[in-house]
Amino acid sequence: MKHGARNQLTAKVVEIKKGTVMCQVKVEVSTPATMCSVMTLDSLDDLGIKEGDQVNVLAKAVNVLLATE
Amino acid sequence: MKHGARNQLTAKVVEIKKGTVMCQVKVEVSTPATMCSVMTLDSLDDLGIKEGDQVNVLAKAVNVLLATE
Amino acid sequence: MKHGARNQLTAKVVEIKKGTVMCQVKVEVSTPATMCSVMTLDSLDDLGIKEGDQVNVLAKAVNVLLATE
Amino acid sequence: MKHGARNQLTAKVVEIKKGTVMCQVKVEVSTPATMCSVMTLDSLDDLGIKEGDQVNVLAKAVNVLLATE
Amino acid sequence: MKHGARNQLTAKVVEIKKGTVMCQVKVEVSTPATMCSVMTLDSLDDLGIKEGDQVNVLAKAVNVLLATE
Amino acid sequence: MKHGARNQLTAKVVEIKKGTVMCQVKVEVSTPATMCSVMTLDSLDDLGIKEGDQVNVLAKAVNVLLATE
């Protein structure tokens, strides 16, 4: 299956914590990868980043999807 | 600043592509990191994953936020 | 009320499962509908889809909003 | 590939509109399907929905992912 | 129409910027309001916030929906 | 830290409700602020809004991130 998500990382499941409806899965990423963020031009200007700069990549856990092959 | 996002990776900006309203920023992640996904218990059962399993971590680029220190 | 979401489907609630903070609502969609996905051009190229192709439409349950009239 | 998204619909691509960075893909869903929404219990109480009720299912196009087999 | 979104603010449109596919709408919020964030307990512990504390509320523009009555 | 989120509001925590995995944090916003929504041009046309119009700003609680300084 091919999917339209720009970000795909290979990881290993290290912890699963279960609630009544939801659960939280922690994974370890050890392989280098290219990631992608889409934002407004206004945000880019505010951040003032350019090629070569170091940045932090943030994502809420609810917006991260896991898949198996 | 401390934030409530479970996923934070250190990365280097490698490409910026600008549109009229939006832009796309590609970054390279080379440092190992722990990530986290929140899903329903039903999804976990469907995936059938357990600790030690290898998974793919997917995220749409629009849900990835960049920050600088 | 008019809203700016591109995707609106009519459905019937078939199951509600409650946790302490969150709950999960399953609904059945039986009416044909037009849906819409926004992605990067890079994603479109990777997917290689064109008009007439069959695709799977995926969405995380946390990003689906229910409304009543 | 198996993925952890609760919502999966089969659809046919009917229109692709390209911008500089982003694009918009319209699809037609004609097969009945079960969908799922996760919300807070407070939202459920406000909505006041119960099994058998008719609801509208909303999702922003940016949170809809397409995949091919 | 009633909807299941915890966050609803009244605002005035102050600027619209159009691209080819997407557009950006700036609004001004002047009425006090209650907002709501759902996160993992782990995030709450990391943030270390308690009732009475001051926080910043962040949201990506792509996850903000506008509606009219 | 600077971040790429268009929406940032100052608020005070008024209630924290804890589940097993997730928690819900209610905050009060009392300071006027500029917010931003990104949508498709099609959505803008459907909404039919223009500068000066009053709108409702909606966001699901799972897509709202809290941060402290």
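As written, the chains take the letters A, B, C, D, E and F, and residue 1 is the first residue of each chain.
Following the convention adopted for this analysis, a residue touches a chain if its C-beta (ideal position, glycine included) is under 8 Å from a C-beta of that chain, and two chains touch if they have at least 3 such contacts.
Here the structure is a predicted model, which means the values were calculated and not measured.
Trainee: Listed by label, which chains are in contact with chain E and with chain F?
Mentor: Shared contacts of chain E and chain F: A, B, C, D.
Trainee: Which integer distance in Å separates the CA centroid of chain A from that of chain F?
Mentor: Using C-alpha averages as centres, the distance is 21 Å.
Trainee: Listing for chain E: what residues touch at least two other chains?
Mentor: Counting only residues that touch two or more other chains, chain E contributes 1-6, 18-24, 36-40, 42-44, 47-48, 56, 58, 60-63, 65-69.
Trainee: Can you tell me, using the touch rule above, whether these chains form a line, ring, star, complete graph or other shape?
Mentor: It is complete, because no pair of chains fails to touch.
Trainee: Quick one: in the complex, what on chain B touches chain F?
Mentor: Where chain B meets chain F, its residues are 1-5, 21-22, 38, 65-69.
Trainee: If we count contacts the way the header does, which residues on chain B are in touch with chain C in the complex?
Mentor: Against chain C, chain B makes touches at 24, 38-40, 42-43, 60-62.
Trainee: Residues of chain B touching chain A in their complex?
Mentor: So the residues of chain B in touch with chain A come to 3-16, 18-30, 32-41, 44, 47-69.
Trainee: Tell me, which parts of chain C touch chain A in their complex?
Mentor: Answer in residue numbers: 17-20, 22-24, 37, 39-40, 42-44, 46-48, 56, 58, 60, 62-63.
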